[in-house]
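Down below are the structures I want you to see.
Across the two complexes that follow, chain A remains constant while its partner is chain B and subsequently chain C.
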Partner chain A sequence: MSSVARTDHPYYRDSSYQLFNHLDSLIGKTLSYLEDLPRHPSKFPVVQRSLRQKLKLLRDSWGLLHRYIKPSLDADALHVPLPLLDALDDKLKQVPGCGSFDCVVFQLTAVNYAMLTYNEVNSVANRIARMVKGDDFPKSLSLVGIPYSQSSSFFLNCLIPHEMAHFVYQEVVGSEIKSKVDDILNAYHPATKGTPEEKLLLSQIRGLLNIWVEEIFCDLFAISLVGPAFSFAFAEMTSASLITEESAIGKFFEFGRSHPADVARFYLHLRHLKALGWWRTIERWSCSPLQLLKHCGKVFGQTFLSGEINSDARSVFNIQCFWDVCDWLLEFVKNRVPSSKKDIECFVDQYPVISSYLARAIVPSTIVTDSGMIHPSPAVLINAAYRFVLEDVQELLRNIEGRSESSVADRSWCTERLELWVLKALEDCRLLRISRETR
Partner chain B sequence: MGVVCKKEILRRLAARVDDRKQLVVTPLLNRDEVFKVGSDVDSIDLRLGNSFLLPRVPPLPYTFPSPEAASQSHMRVLVPYGKYLVLPAHQTVLGATLEFIKLPMDLCGEVLTKSSVARTFIVVETAPWIHPHYRGCLTLEIANVSNTPVILYPGRSICQLVLMDLNKQRSRQGKLSGTYIAPVYPEAPEFSDPQKELKKIGVPEADFLLPGHNHQRNARANKN
Partner chain C sequence: MDANTKYLTLALDVRAITDSLIDFVEEGKELQKPNKLLRSFMNSLTEQPGVSVKNLSDMGSFGSYESLKTINELFDSTKRKVLTEKLRAVSNPSSRSRQNSALEAITILDTLERTALYHYEHTGPESKLAIAS
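And now, the complex of A and B:
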């Protein structure tokens, strides 16, 4: 491991080194364990069988871990949006209870984002650790997968905070939310009554509700961290699937086994953006993700339960229960994550200036406004970049010789340049903050 | 043409983006140090950025200036702040300044190796002139001409920017153009096809000699 994850090149984020070091120590302990095994088979078949089972379990567990080692090694500093991840980490650490959290990024071959649940890595690593007397998996380390195709890009990677939020759900708020889900579910479907079959059905419904609520929590948490940029990235991802899959349009309104209906998610984004105060700022924008949010605000009632859900559960389940949990969840997330008020005020003041910088191909890490020289905050930069690319990118194209507003290739070139400038601005602003704090 | 002093630099840095005299140098870490009384009045120190392009041994025994050269001739490396890059003796690397620079139409500039760095036989620039209206992190062609490897730390001051006033030159602010618009990392050279480029000035295709090809045989083949 140590020979693969070199410390000179390629470089990784500290959290990745934490993962590699842990695996490294686990490898050492596993090798020692294997070396200490008896040289000859035991004459007692029971002992021999037990040992074989242990070895099989050990091999299978390492097999499971191996699925994530190469993708984690591929996510070196050049292949992740480093300044964005640092900014997100800083934001996450400000949330009560998340001060020590670190996020390891790995590359996914699918065009999707994912956070590995506890069972996929932590518990497998801990199972090995128990067998070979190794250390426990670092408790504050989460593993987030991003598509290979996105590696160091900026815009779509604004979906990463949703995956980070899964870890917050798992480690910090999950039990509180689950208990609230139980309370609300009990009001609609009392648990004490009914036959064993009905109780089994209720537990299926509870499972579904918890899955949907976790997804909604992660969406709302991500919006609290980065603002509307998350919704825009989500809209981009959803639109891509609407274009590529015919069946996706129907699924847009469908509550499935693993995800709530997209239309419900967008509707809740809209409500959360209103509650946080972002909506007043963005509601007049003309870009398509905004239109999608507004539209979902009107048609969210047309959702239905997917056919893949057990028909008994479908006939019994009252979807109003989900909306009641979401009402509570909106307030819960708003109170849990530090307020975005200052970021919103700064965004309103600074966007016109930042967009002028971007239109002139200038990195906006230091901007001059009426109040003097300012270094915008990460949330302001992230949302300003998103607004610029959605609404004002033609300003930049007009300023460049030989580039056309109507050319897809030119717009794509512009987007790539913008990503570089915004990531550079995020990096600069972090350096400026650290340098100010250490003085 | 006169060298622009720190006071004027400070005044221009505080100008708004729509001001034609606006100068941008960002991020200015340790800003107070940069502009403190007693610091150099005619230049600003610039720091080394953390992204590098290491020359790669090309697939051919020479670098051929073709459109493919950009992807074949270098390997990108990112060195986080606090870590270092070893530049072996007599080797070169492309780096960039940490600071992003934007010059107005009435200023041009020059990048000079810092004297303390130059005394370790590190040469930072071979194309040191910065044209008016330029924007981007400056690409640094760093060469170690000494006999020992040299350690480079991203974030340390490596060169100086000297700005010059174009006196009464009042050229209009045009559109941005060029191969490298506002780069933030060192970018590999982009070449057009040399055969096509020479054809534009009248060199016949038949006379164009590819490296490693026999000229006379080429000519004979073209004639046939």
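And now, the complex of A and C:
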């Protein structure tokens, strides 16, 4: 793989090179295994047949990894939101147990964000390694897929912390959370005499609950990391403002095979924002994501289980299990991630200045407040940018000759500029912080 | 992890057990002890007197819906017992005909691996996306 990647320039993040090197090594081990296999023919026909089947399994497994090689090569340093990724990596490293984590970005063709790559690449690569006596997948490497069209955008990429959180779930907290899920599930489904079919049913319910809980963990973790900006990006991605117009039979209310109901997710966002202290700061904003959060706080109880879940499981499953786990999870995440208190205080203090800078097209890398010259923290910049685009972007439009507040094209143009300025501010602030720390 | 991949990892986990049996047959290498993967697999084959979350948890990755579904599809109660006995016989140094037991177990495990791979190739794509449904 490294031979395909450019070598004339530090063209990828270090974490990408780590991935390429690992896959290179695994390819080498697989080839050695294949070369070695015919040298020791078995005398047992059963073993011969089995080894032929193993070759097919190996090919299919590599077929799965093959899907992600091109998307990882496409995500070179010029095609990923580098300043935001660096800022998020720095934030993640402050979480206990995550100090050595690094994130590799993939470019997906789907208009979506995904952590599929970690689960798929990691677990399959490790099992291939077991077959060919290769090394384990690097433990600290998380793999995040973003839509290729969003490589230089900022707002939607505030969804990335959710994907990073899947890695934290897998590597740090997953077993603790799964054990709690089992305890709660056990209270609702105590041991009974049962048939293999009933065992299968319970395993399906357990699987669904674990999938939904993992998603909620990732949402809450992302909010702890970057504040309400995650909820706003999620609302934008899912067009969730439609929830306020929708009756309870719509898809936003549906618990599906791979995700909990959106309305449940926003309700839990609301509770988490309140618990962290962000809500007091944002509750009076008039933008639609705020109305959405408030609305979901009222209608969260109207969810239902999707028809794609089999009817036996639907009839047995008690959704209260999910809510019980979430009550515990809210407290769990709050205690696991460093407090947002300082970021919230700084946000309240610095937003008026940052917004006045943005309204005059000034990159807010360094701002002057009553307390002196300040380089805003990433969480402050991220949420200030979101608030500005949601509530105050007309201030910028008014200051530019020939632009109109009511023009969609002008608003879109302004949003793109804002994204570039905020990414620049994030980059500057990081460089300034590093230079301060080195001095 | 999406359902498709769970079938592939089931096939790969079964293969890890098969590989250890092949090592035993070809090189006389004893099965590794403790063998967490083999124990989880044996737990998934054993018919428990009851159904509980704890039973599922003892089955490790074999306790997933996709694994149990595939195992149920292939093995009735008698076949489960046969496979369990073969695997126990290989693990037990005092047992007679260990090699034959291993060879028979390999044949049965290959069927399980093939079925898991079939499901991997034929299951419709579930939503693989982490954010939007």
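Going forward, the second predicted complex is superposed on the first by the 370 of 439 C-alpha atoms of A that agree within 3 Å, B and C clash if a C-alpha of one lies under 4 Å from a C-alpha of the other, contacts with A are read in each partner's own complex, and residues count from 1 in each chain.
Quick note on the criterion: a contact is a pair of C-beta atoms (placed from the backbone, for glycine too) under 8 Å apart; a residue touches a chain by one contact, two chains touch by 3 or more.
Computed from a prediction, not measured in an experiment: that's the story for all the values here.
In the overlay built on the shared chain, the residue A:Pro338 is in contact with neither chain B nor chain C. Comparing chain B with chain C, the partner in contact with more residues of chain A is C. In the superposition on chain A, contact of A:Gly99 is made with neither chain B nor chain C. In the superposed model, A:Gly250 lies in contact with neither chain B nor chain C. Of the two partner chains, chain C is the only one touched by A:Leu159; chain B is not.
Contacts of A:Ser42 after superposition: chain C is touched, whereas chain B is not reached. Once chain A of one complex is fitted onto chain A of the other, the partner contacts of A:Lys56 are limited to chain C, with no touch recorded for chain B.
Once the two complexes are laid over each other on the shared chain, residue contacts for A:Pro190 go to chain C alone; chain B is not touched.
Touch criterion met: A:His259 reaches chain C, while chain B stays clear of it.
Residues 8-11, 76-78, 82, 353, 356-357, 360-363, 365-369, 372-373, 375, 399-402, 417, 420-421, 423-424, 428-429, 431-432, 435, 439 of chain A are the ones touching chain B in the complex.
Of all residues in chain B, only 13-18, 22, 24, 26-30, 76-81, 83, 98, 100, 102, 135, 137, 155, 174-177, 181-185 touch chain A in the complex they form. Listing the residues of chain A that touch chain C in their complex gives 40, 42, 44, 46-47, 49-51, 53-54, 56-57, 60-61, 64, 110, 112-116, 119-120, 123-124, 127-128, 130-131, 159, 162-163, 166, 182, 185-186, 189-200, 202-204, 206-207, 215, 218, 234, 237-238, 251, 254, 256-259, 262. Against chain A, the residues of chain C that register as touching in their complex are 1-3, 5, 8-9, 11-13, 15-16, 18-19, 22, 25-26, 47-57, 63-65, 68-69, 72, 103, 106-107, 110, 113-114, 117, 120-121, 126-133.
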